Amino acid sequence: MNEKSEKLIDKKGIRGDGRKADELRPLKLQVGVLSNADGSAYIEHGKNKILAAAFGPREMHPKHLAQPDRMVLRCRYHMAPFSVQERKSPAPSRREVELSKVIKEALEPALFLELYPRTGVDVFVEVLQADGGTRCAAITAAALAIADAGVPMRDLVVACAAGKVDDTVVLDLYDAEDKLGLADVPVAYMPSLNAVTLLQMDGILKPNEFEKALNMAMEGCKKIYEIQKEALKTKYMVVKEVDE
Amino acid sequence: MSSLVTKVRLKQIEQLIENGKRLDDRGLLDTREIKIEQGIIEKAEGSARVLLGKTEVLVGVKVETGEPFPDTPDDGVMTVNAELVPLASPNFEPGPPDENSIELARVVDRGIRESHAVDTEKLCIESGKKVFVVFVDVYVLNHDGNLIDASAIAAMAALMNTKMPNYEIKDGDLKIKQGYTPLPMKSHPITVTIGKINNHLIVDPWLEEEAVMDSRITFASNEAGNICAIQKGGNSYFTPQQILEASKIALDKAVELRKKLNW
Amino acid sequence: MNEKSEKLIDKKGIRGDGRKADELRPLKLQVGVLSNADGSAYIEHGKNKILAAAFGPREMHPKHLAQPDRMVLRCRYHMAPFSVQERKSPAPSRREVELSKVIKEALEPALFLELYPRTGVDVFVEVLQADGGTRCAAITAAALAIADAGVPMRDLVVACAAGKVDDTVVLDLYDAEDKLGLADVPVAYMPSLNAVTLLQMDGILKPNEFEKALNMAMEGCKKIYEIQKEALKTKYMVVKEVDE
Amino acid sequence: MSSLVTKVRLKQIEQLIENGKRLDDRGLLDTREIKIEQGIIEKAEGSARVLLGKTEVLVGVKVETGEPFPDTPDDGVMTVNAELVPLASPNFEPGPPDENSIELARVVDRGIRESHAVDTEKLCIESGKKVFVVFVDVYVLNHDGNLIDASAIAAMAALMNTKMPNYEIKDGDLKIKQGYTPLPMKSHPITVTIGKINNHLIVDPWLEEEAVMDSRITFASNEAGNICAIQKGGNSYFTPQQILEASKIALDKAVELRKKLNW
Amino acid sequence: MSSLVTKVRLKQIEQLIENGKRLDDRGLLDTREIKIEQGIIEKAEGSARVLLGKTEVLVGVKVETGEPFPDTPDDGVMTVNAELVPLASPNFEPGPPDENSIELARVVDRGIRESHAVDTEKLCIESGKKVFVVFVDVYVLNHDGNLIDASAIAAMAALMNTKMPNYEIKDGDLKIKQGYTPLPMKSHPITVTIGKINNHLIVDPWLEEEAVMDSRITFASNEAGNICAIQKGGNSYFTPQQILEASKIALDKAVELRKKLNW
Amino acid sequence: MNEKSEKLIDKKGIRGDGRKADELRPLKLQVGVLSNADGSAYIEHGKNKILAAAFGPREMHPKHLAQPDRMVLRCRYHMAPFSVQERKSPAPSRREVELSKVIKEALEPALFLELYPRTGVDVFVEVLQADGGTRCAAITAAALAIADAGVPMRDLVVACAAGKVDDTVVLDLYDAEDKLGLADVPVAYMPSLNAVTLLQMDGILKPNEFEKALNMAMEGCKKIYEIQKEALKTKYMVVKEVDE
């Protein structure tokens, strides 16, 4: 994050894209969008456009990675070459490797790993367009994809960032705020269990600012959680209608 | 592939085809429905999503500057890459491009390059030093068969959607000006793939047919009805007669598609 | 291929290297040239110099690639760093990966794959010098190497290109025609089965030109087929003499 | 990890913790003994070896010249790489960096970068063309748990030990002069990791605890007591209350360590 | 290797050697027949094919221009690469160079480099900026043992066959002139490898002997009878006496070969 | 090696670092320095600083590399990026691959490979600072690490180089002599068996110079051998004291 930020919030407290400090970007979620995956979801969060797919529980490949006492979750977070300003090489960057790991660790607490020993679930995330906060949007979509695959979950996982722009703690940073702001705090959360499953921070925050950002991010998560549940219901309601 | 479709299914497909029918109710020479959506990746200079039945391909085009190849100092560069990302099929694995994605990229590339679709001569900024480089990234999102045609159409649709910044050269430096120009194009090839099952030719094979088919042959053709690229694939053969028949079908289909797409 | 070609054929219809339109380059084939391979062949086709070796049918390595109901054919087409004008990195290029695949698919139709379940045959092609049409010369040699290894075949596979230079459809393009000509149509063929097993095209051809090129290429194949059979006979005749 | 520590051992650790004790006799909020040795690699511009209990990390710093990133033409470059070399643990294998060493490098990098520890603005030689590049190579020599804190402290100690050649710019060329200057630094972040076992928070988990712990959370903080980087790891969760509690513990521990190290 | 040659075969080889004989009827200190053919790859600047018994190696030399190494700004660059291509042996696999091909390349390189065979000082075009780069690519076509000697001889024969374009420097630019000059050379090292089986030394071990031999030692020597490179290989040892004996044999053999080859 | 060397030895026969021709650099050896390895050793030889660790005999991983009739020794010689003047990429160079192989072959003759069929011993060497002669110092340390792991050995392996600087055959070249000298002859040796297990040479030597260098290197090895044995004794004496 920057040391000093240009003014990104005007005198009335309105941000560069017209939002108030604690306002989310527009968000759209769709479940069951890919026919070959066992479960899938598509998210548009601001200008982020991200697909997630889940395969499994299925036999591990290669077999020696299977665990005798639990299911193995694997995740790949990957950006399309055209998703960012400068074309990105399709080979995984160090950033993508790290994000794949923290996303996996954000989703694992939601799963009953011990229920399916010797199997694996693979979650693949493709960022088609990036606009700040891709890891959070990826988690929100990935949790839906896992649910859509019929894998039992303790709760959905939902993610949202808060951060600091100018002197203000704000919710859900977009690209420009991500680059020019003072701090970014991505949070993944299971609302009904009050459990934080991902937490990272870049930038500089006073302890009280951090507490405020954490709470704001969790409030954001709760709002997205409602949209998430709605998206899941919508798909299965449609299915029900077809069945009748 | 034999594990994908049981031998029962193979017999079923063969019997249908012998009666001029297909599992998904198409006629032997029908293509699946094509939907094209352009411009959906705002951050890319060009993009298009193509649905060919349930096969879904997204192509993004990025335009950057770089060096020309030494043997064509006055030509811009066009390069095609294809990723069979693992969410598209349980059979795709993460990792560097394998022979299937490399063949896909090279067949799509060949159709565009050999028909001179992109006018690379107009992409030269400074001879031998600086040219525009057009990156065409084919992203297969759902594999339900015939990735070549879906990718080739999506790549062309994305190129036709591509906008480049206006620029001028001042004292050897590139200056970006206001506004955009479309990518200069000279031709609009259309690619059609024919499958062979038990000596029957079918157009636009889908996943279940690909699993049992003998071979495929792809023809790209331009506005003048000339052939500009061919690729035979699969571990069986064609008789010369079948090849000529397939070329006629593919060229006819291309004319039909060209009308439908208004290319 | 080029959009416009310089004049490569003179007024008498004679090409840059002195050939007529439907004439093959000089061709030399030798079978059983390597002592460690199960089968091998060497081809000089124009200035192309190519070695092919076949190993198998043998146990697959790694084992998990073996198929329960059929033999697996693997091919590697590879160019020596010194085979071309500018030194080529020995790491396989995308072109070499694609050609390996189409060469494999050109040879497979000649094999009785179901006869040797769980086994593999490996074909390795090394281009020692390249002069246009390497994939075709590679197939011609590879088929001989497989036959020399004693693997039963439906027919030999033989390959030759036709193409368009200036306004003329010509047989068996050499390097300069390959670079400056208007179209190139490599064809692999099993003459006694009238089966085309490889077909590619670069450039622009009218449908009638394509038909002419295809036929011309098959005629070329048939001529090379005779040399191929002769080479095979020569080796085994020599063996016979030694035995007597 | 379950193979490393039997369930018996897990129970033993849990019971100890519930009584405020640990296997190695520490209190729940005690760090292991830290030993820092600087300058042991004379050929590197800076180096430090840190022993955190039996965990041993060596960091070497090389300063070279190179190009700045296009978006920060006036800033030098600082880059962190971590190698989990196989002599440090029977579980480390030779090969390119895996997700664990990449995460380690990036967390160490983030603490240094986000706190602006290295004054990269002073590392510019010629705007947009030539800057100093500071390579921080983290070498884990013995893994006995909490690699993040040991590596972060060793990286900072090595940077504080780093000497750069004096230089001047003459006619656009870099001329090396006599003598050395310390690497310009603006801040001295301290990194503290908290583990969670059965809803108990422990400071500086060691190998046996890592094998059974639910999750960890790392806080880097600067002289002003502000947080400059956080990383949660592990396949379980924290409640928001646990996170706030962990942040307070980590910030307090950092103050304590800062005094001890005189940073 | 024990699977290649049964223990019966090992005993047979040992017994023969104890009687001064070998499986292929050679004496212990005889090399196999050597055939050298130069200039067979017309498109390369130099080439040679060597048959050492049934071992067959093809070396191609390409001469290009590039940058010198920073520490030798006035010297051209010579680089050796070796490929154990899979058609040469059922035990070679496609893929990046393994330790065997890297050792082979480096031993061949060392013999040429340390004897100053290529006069790299004469390959400088512009000090510090542009020099000739000589790529020596060793291609093993059939592996019947003693790849080092066959490759080293083939590399030297290819270098001696190498023709460079005549050129002149005009205003800092390289201009190619008519005609060719031979690559400038200062020395012609010859490489001889000795194997040890049961305390017996043998010259030029072939495949069946390599499968059972304890160790090998290679000596490259120049016209003056001086040693310019040594490499011991294999998982056994030599006594100091054996080494001195081997060095004498190798130097004598080199003199013999030098006469035969007229180098 | 160089063709011509600047004067590195003064008129009194004293070398650039103050040593006489047959004098070793200062040498320090420590055994059992790493708690996770089965055996380990640290060497300071001149300014070389090198760690070696041994793991095993243990199950091979991957399993298919295990040999039914013998133990497999694997070695990795690796240089830290900061060990040399210009930062070295951590990816293994061709030089490191070759040295890993010759070091393995220098250690193997000391082991009773047939005693532990189906197992493996892994030796990892990390060069933390390089000052000429790293392969020799690495072997000296690696042999101690193997002994420390409790793997039975025929003898310790000890290594030292000799070489030619100006007109003189000298012992144990340091960095500057390595770069500017006329020849370098690294030797590994098992003193009690009088067996040379590694021998390489760079540069140009007359046969009698080579013989002299070989003998001088072996004399150097014998001196280091005493320090090696002392280091091993010291560790186990300490252990013994603790036990009492």
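We call the chains A, B, C, D, E and F, going by the order they appear; numbering starts again at 1 in every chain.
Criterion: a residue touches a chain if its C-beta (ideal position, glycine included) is under 8 Å from a C-beta of that chain, and two chains touch if they have at least 3 such contacts.
Remember, predicted model here, so these are calculated numbers, not experimental data.
The set of chains in contact with chain A as well as chain C comprises B.
The chain with its C-alpha centre at the largest distance from the centre of chain B is F.
On residue numbers, the A-B interface is repeated by D-F, which shares over half of its contact pairs, out of the options B-C, D-F or E-F.
Between chain C and chain F the centroid-to-centroid distance comes to 51 Å (mean Cα coordinates, whole Å). With centres set at the average Cα position, the gap from chain B to chain E is 48 Å. Remark: chain A and chain D have CA centroids separated by 27 Å (rounded to whole angstrom).
Within chain A, not a single residue touches two or more of the remaining chains.
Multi-chain contact residues of chain B (touching two or more other chains): 97.
The assembly's chains link up in one ring whose order, counted from chain E toward chain F, is E, F, D, A, B, C. Note for the complex: chain C touches chain B at residues 1, 3, 69, 94-95, 97-98, 100-102, 104-105, 108-109, 113, 185, 190, 193-207, 210-211, 214-215, 218. Listing the residues of chain E that touch chain F in their complex gives 2, 97, 99-100, 102-103, 105-106, 110, 114-116, 215, 217, 222, 225-240, 243-244, 247-248, 251.
The touching residues of chain A, counted against chain B in their complex, run 34-37, 40, 47, 49, 51-53, 55, 58, 76, 78, 80-87, 90-91, 122, 124, 126, 128-131. For chain D in complex with chain F, the residues that touch the partner chain are 40-44, 47, 54, 56, 58, 60-62, 64, 81, 83, 85-90, 94, 96, 135, 137, 139, 141-144.
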